[in-house]
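As structure tokens, here come the structures.
The following pair of complexes shares a single chain, chain A, combined with chain B in the former and chain C in the latter.
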Partner chain A sequence: MADIEIEIDGNIVNAKAGEMLIAVTDREGISVPRFCYHKKLSIAANCRMCLVDVEGAPKPQPACSTPIADGMKIHTQNEKAKASQKAVMEFLLINHPLDCPICDQGGECELQDVAMDYGSDVSRFTEGKRIVVDSDIGALIQTDMTRCIHCTRCVRFGVEIAGIMEMGGTGRGEDMKIEPFLSEGIQSELSGNMIDVCPVGALTSKPFRYELRSWQMNAVSNIARHDLVGSNIYTQTYKGKVKRIVAKDNDSVNETWISDRDRFSYEGLSHVNRLLTPQIKVEGTWKEVEWNVALDFAIRGLANNVFNTHQSDKLGALASNTATLEEFYLLQKILREVGSENIDHRLNVKDLDHAISLESNIKLAGLEGIDHALVIGSNLRLEQPMISHRLRKANLSGASIDVINAMAFDFNYRLNSENIISPSQTAATLAGVLKSVLQNTNIEVPDYLAQIEVSDITTQLAEKLSQSDNSVIVLGEHIINNPQASSIANLVGEIAQYSNSTTLNVSATANSMAANMAGFVPGKDGLDVNAMLTADLKAYILLDVYPQYDFHHSIQAVEALSNDDTFVISLNSFKDDIVSEYSDVLLPIASFYETSGSHVNIEGKIQSFAAAVNAPSDAKPAWKVLKVLADLLELPGFHYADSAQVTSEVMHQSHKQHTHDESIDVKVKRDVNIIWQKSPYAVDVLSRHAASLQATKIGQINSASMNKATAKKLEVAQNDEYLGVPVDINEAVSNNCVFVNANHSTEAQS
Partner chain B sequence: MINSIKKLVKDFTLSELRGGMKITAKELFNKKITVQYPEEKTPISPRFRGLHALRRYPNGEERCIACKLCEAVCPANAITIESEVRDDGTRRTTQYDIDLFKCIFCGFCEEACPVDAIVETQIFEYAFVGSRDGNDNTKGQFGSIITKDQLLEVGDKNEKMIDQTRLEDSKYK
Partner chain C sequence: MISNKAKKQIDAWVVKYPEGHQSSAVMEALKLVQAENDNRLTPDTIQAVADYLDMPGIAAAEVATFYENYNHKPVGKHTIRFCHNISCMLNGSDELITYLENKLGVKTGEVTKDGLINVKKVECLGACVGAPMFQIGDQYYENLTADKIDEIVDGLK
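Right after this comes the complex of A and B.
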């Protein structure tokens, strides 16, 4: 597209031929009013607010759908443009109620702003106004559809971005209504973005309803730590409380969207279950004490149990994956300084001897440019919504997507093929794909693939990968507890290498990339988490750990931690009965948005953030607690004034990696495999305490899905409990597989 | 030129001073006015801006809808409002405080109010009693911060007067 010159309001402006006029005026800072136009959505041109005068055209033209051409002369402010904009404004206001005083959008409303400039003081409309009866569309979005001006942004968002057409226009003219098609309401995992795109108060945030005006809050830039993306957000605060979260634009990370989990989890911050004061356990009863007393008690406990008897290797540190880069770093530094390498964050992995190790080597924005993807073992849409969104964009522009899953999931894009394969056969299938890839490229097939049979499926999958110039293999979370997890990851690595594909490892969660970067991994002589639990350690430092949710071997973990002569220091942001039972000291720490720190996303991008609010009551940011703990232990090298100093130290360290198994095992095993996962809104402690999220359809997912044959084998029926989760007989699940999505704490994990 | 000569003449003949003294001399012989306050009171304009009140609709429902426009417009930041969704789904305040020490009685809150809920009455004779937050609310008295309940009470007691003054002033609005 060539550069051309056009004239806007008498000024010469350079632009590219074919650009829409409104994109040029936006870039040049010329204000053109609009409602239906949104830079990330398709052009509808149905509000007519952006009418401008184009010389030569008999009538005013909508700027959002007028492509520019060389020599075009445009007037955005002349009489003709202004008159038509005013006329449109009057028309839009005919049916809009004058209820700004009770409308939550008041103060941040596009209609209000534009009406101030283009509206008339007095209405000439004396007829009755239109009234629309609202329907309840779920726990997250409040509707007041009488206020709707039919810009259809929400409808287009549903179709184009969320991939589910949940809202739609019915009726015509005066009778037109924007409403959900289904009585169950909105179920998309990105639904909250409709609140952001709605230019009026028709769609507003339900948890935030009637609480505050936009002008009362401070907006602090922040990073959401719920997934591997690290979406950029604004935390809007009022009197030291996070009151609302909205998306912040960052094209290389989250564009302009955020997931509902990022948007609504803040509710958990003010939950009554927050741990607020330091506590110590004296002779079996909890006592609330001052920080210095609690810390002294902790140090004495460590000294008695570990240091005085010279068994530093009997100290272990475990952290949940939501901790910040700095917290991971400081905790591992303390452990390494006192001479222990028992450090781990992979609490949810069943078998660490066969843990996944696979580098991601594609950027998030790069995902849009791929022409083929193979997704293995992931319900991507609910687990990593923003990554799924990028793949969807690629798919819409022509990329084909193949899936290998243990269960058929709802993808919001068209799949090239969906292969439902039981977990025990995943490795064998991938081995088949590798064999096909090697055969296609005439490379000698190694011995371990000799017995593997190449089927139609594997040939097709392999062909697609080999033929595509820019393909990616996505390895998902469901694989982590597959007995052949490491083999699967290694096979993916091999396939990627020989088919010239990139890889994306989404098997880890939250901020675990930061844990790896900070070296929060067991050292050469250190124990991994599962080894620690059986090694009879004398003391633990636990960072925001909730065993019933976080550990794969939760029963074993609770037992190990409850051991009488084990001294447990728990840094927690929320109260938990089990935690109080086994801990000896409880130190209250800041939760999300209450601490400064950094998130490392899947492409290795470090995003630092400041605290938006102070932690409630006596709770303190964990990095400060760890620093003081180190000072009290008289360890050298902990002179940090702020968390940024820690960050810069981390970045100058060489990264320690998990040791991993490089062998490949492709044998098919015939036993029942369980894929055990927290449901999407139960993945971290903050989301679990967010009431509105829990009230959604996704929040209530709690089932052990299996097909009839497997149910028969396990001798369970529909709605029975299997491992504490209701059974759902579902033929979408592959044979010999139970897919568990639990939203509550569970004890029995195999 | 001619102007500066005129001014010079005016200045030297003390014409302005004599003009002023003329009024003083006239007032010397006029009848004096003394109002025996508090027994006697001068009439008050219906636009007088005294103590605040929150009004109700005739059916007893409070008018205020927690739009917070008065809070936003208040130049002295004297108003504090917290709001919620009331059980019946309407938008209502849980807290409506005016710090009368901060208030400059400009009347902007009254002007901003879309539902005529907050008004300034003709009451100017009141005292601040008790602690600053008005916790020990003895009948009709309050601390420097007047709360929602107290504002509603003022409104309930003086609704007739408020209604009357608003009516009188309405023709000039």
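Right after this comes the complex of A and C.
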């Protein structure tokens, strides 16, 4: 678009032809009042608040929907503009209740702000105002629809961003209401953003209702650690407590949106289950003690069980995937310093000999520019909401998306093809795709593909990949425990190479990229997690681990950790009965937003954050605990004054990736496969303790889904329990597959 | 909830629009479904139409609640669609609506006990020259007065 010159309020401004006037005034810092315009949503031009005077135009023009043209002269402040803006303001306030004193939006309300500038101090309206009866739309969003000014931002958000139209404008004229249909409650995993886009107090945060005024809180920039994106947020705090979380703009990460998980998980911080004081187990009973006593006890335990007998290789360290980069780094450094390489964070992987190793080589923002995607083994929308959102954007601008899944999920974009394939056939199917890709490009087909059959499906999938200029293959979490996981990952790598596609590996979650970067993986002589569990280790240091959720082999893990002569030091942010059972020392640590540190997102982007609040009571940031532990062990090289020093040390180290299995096995196996996944709001300990999240539809997902044939084979019926989870007979699941989404602690995973 | 006959008729409308724009047929579809369901729409029938046209329920509800042609409450054999928009209002529609309500012993939105008549306030029917006016079935009745209303309404069977 050509550069043109226009004149705004007497100043010459350069802009691109066709840009909307409001985009130009926003860029130039000229304030034009608005309600319905939102930079990430389509233009509705229904509030008329942005009227400005354009020379030559008979009537004032809405800045949000007036494309600029060369030589245009615009007045945003002259009498005509001001008069129109004031008139619209008066009109909008006619039916607004003006109940600011009891409205949660007060102090951060666009209507309030604009009314200060453009409203009149006396109302000329003496008639009765309309009242809108509210409907309950779920646990996250509070509605006060009498305050709604019908800007339709929330409606457009649903249609355009969330991808499910949930709010709509029913009725007409004075009777128009913004509401969901059938009041089943709002279901979207991004619903909380409606609170941010609503310019008035019609949609506000339900958990935050009547808590505080926005000006009473401090806003601290932070990073959400629930997924591979690391969405940028503000933690709003008051008297040392996180009171609310809102999105922070960062176009290369989360744009202006955040998932509900990122927004509402903070509620868990004040849960009664927080671990608050250090405790040691003396002769089977727990005693609350001072930090130094607990740490001494820990050091003595380690000395007795491993150091004094020169069995450093009998010490293991395990961490959950939500730890910070610095925590991962310090814990592995301690282990390596004392001579153990038994370090692992991949607790949820069944078979680490066949672990997935696949690099991602596309940027988040780059996902919008793709023209084709093949998603394998992922319910992307609920697992990685912001990544799914980028794919949706690509899809809306023309990209085709193919899916290979073990179960049909609700995608909020149109799929080119959805291939529901039993997990035991995933490898064979991908092998077929690879073969088709190779045949397309006239490359010789290697032996292991000789027996593989090429079907219509594989040819089509391959053609799409080969023909697209900019395609991506997304490898998802459901694959990690596929018996052929490494083969699948290797096949994806090959397919990507020969079809010129990029790859995105979303199979490991939360902050696991940081774990890899920090070297929190077994060394050459070290044991991986599953090997540790059978190796009769004499001591463990566990970082925020909750076995019944985190381990794939949870029963085995609890058994190994409960062994009488195994000394277990647990750093936990929450209390947990099983953890208390097997631990010898409990060290209370800071949770999300209570510690400084870094998140590494799927691009490898390191995003550091400061603590927004102090950890409650005696709990301490884990990086500090680990540092002191190292000091007490008299290990060299732990003189860090703050976590940033740790960060820079990590950045100067390079840890080689764990070696991986390069063989490719493409045989179809016939046994029943279990895909086990924590439900979307149970992925980490904080989300699990966030009451409002748990009260949503997504929060209640808890089922072992299988089709009739599989149920018959396993001899279970609807609502029976399978692996401790209610059975849901569902023909959306492929044959020979049980898809488990568990939201609570369960007995076993396999 | 949607008869096969109605589905066929809806399909005939769908093909008139470009592919992927089947939801454009929503108005006709709602009309057809309303006609075969006691002349009114319920959340269930609206959802059924939405499902049939592969569109969100709320989007169909927006249409169904916007236009006066759709009924959301039980209706009588005859619906008197009384215009209360600006021209009619200036010419006394409000008083005449009250008159009619008193005459029938029902409020707008209610059905007479014998199930014969209900009154509905509607927006401009494009007959402002003859304001105040109402519509019964396909027939417009203009330049209404109390006497004229008596005559028309008494003649309804």
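Going forward, the second predicted complex is superposed on the first by the 750 of 750 C-alpha atoms of A that agree within 3 Å, B and C clash if a C-alpha of one lies under 4 Å from a C-alpha of the other, contacts with A are read in each partner's own complex, and residues count from 1 in each chain.
Criterion: a residue touches a chain if its C-beta (ideal position, glycine included) is under 8 Å from a C-beta of that chain, and two chains touch if they have at least 3 such contacts.
Worth saying up front: this structure is predicted, and the values here are computed from it rather than measured.
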Practice task
Report for A:216: first if it touches chain B alone, second if chain C alone, otherwise both or neither.
Solution key: first
Exercise for the section: For A:94, select first, second, both or neither according to whether it touches chain B, chain C, the two together, or no partner. Expected result: neither
Practice task
In the overlay, answer first, second, both or neither for which of chain B and chain C A:83 touches.
Solution key: neither
Exercise for the section: With the two complexes superposed on chain A, say which partner A:172 touches: chain B (first), chain C (second), both, or neither. Expected result: second
Problem - Which superposed partner A:106 touches (first chain B, second chain C, both, neither) - result: first
Problem - Partner chain(s) touched by A:691 [first = chain B, second = chain C, both, neither] - result: neither
Practice task
Using the superposition on chain A described above, determine whether A:717 touches chain B (first), chain C (second), both, or neither.
Solution key: neither
Completion exercise
Seen from chain C, its contact residues with chain A in the complex are 43, 46-47, 56-59, 61-62, 65-66, 123
Problem - Footprint of chain B on chain A - complex, ascending - result: 100-102, 106, 209-213, 215-216
Practice task
Within their complex, state which residues of chain B touch chain A.
Solution key: 65-69, 72, 83-85, 90-91, 114-115
Problem - List of chain A residues in touch with chain C within their complex - result: 164-173, 180-182
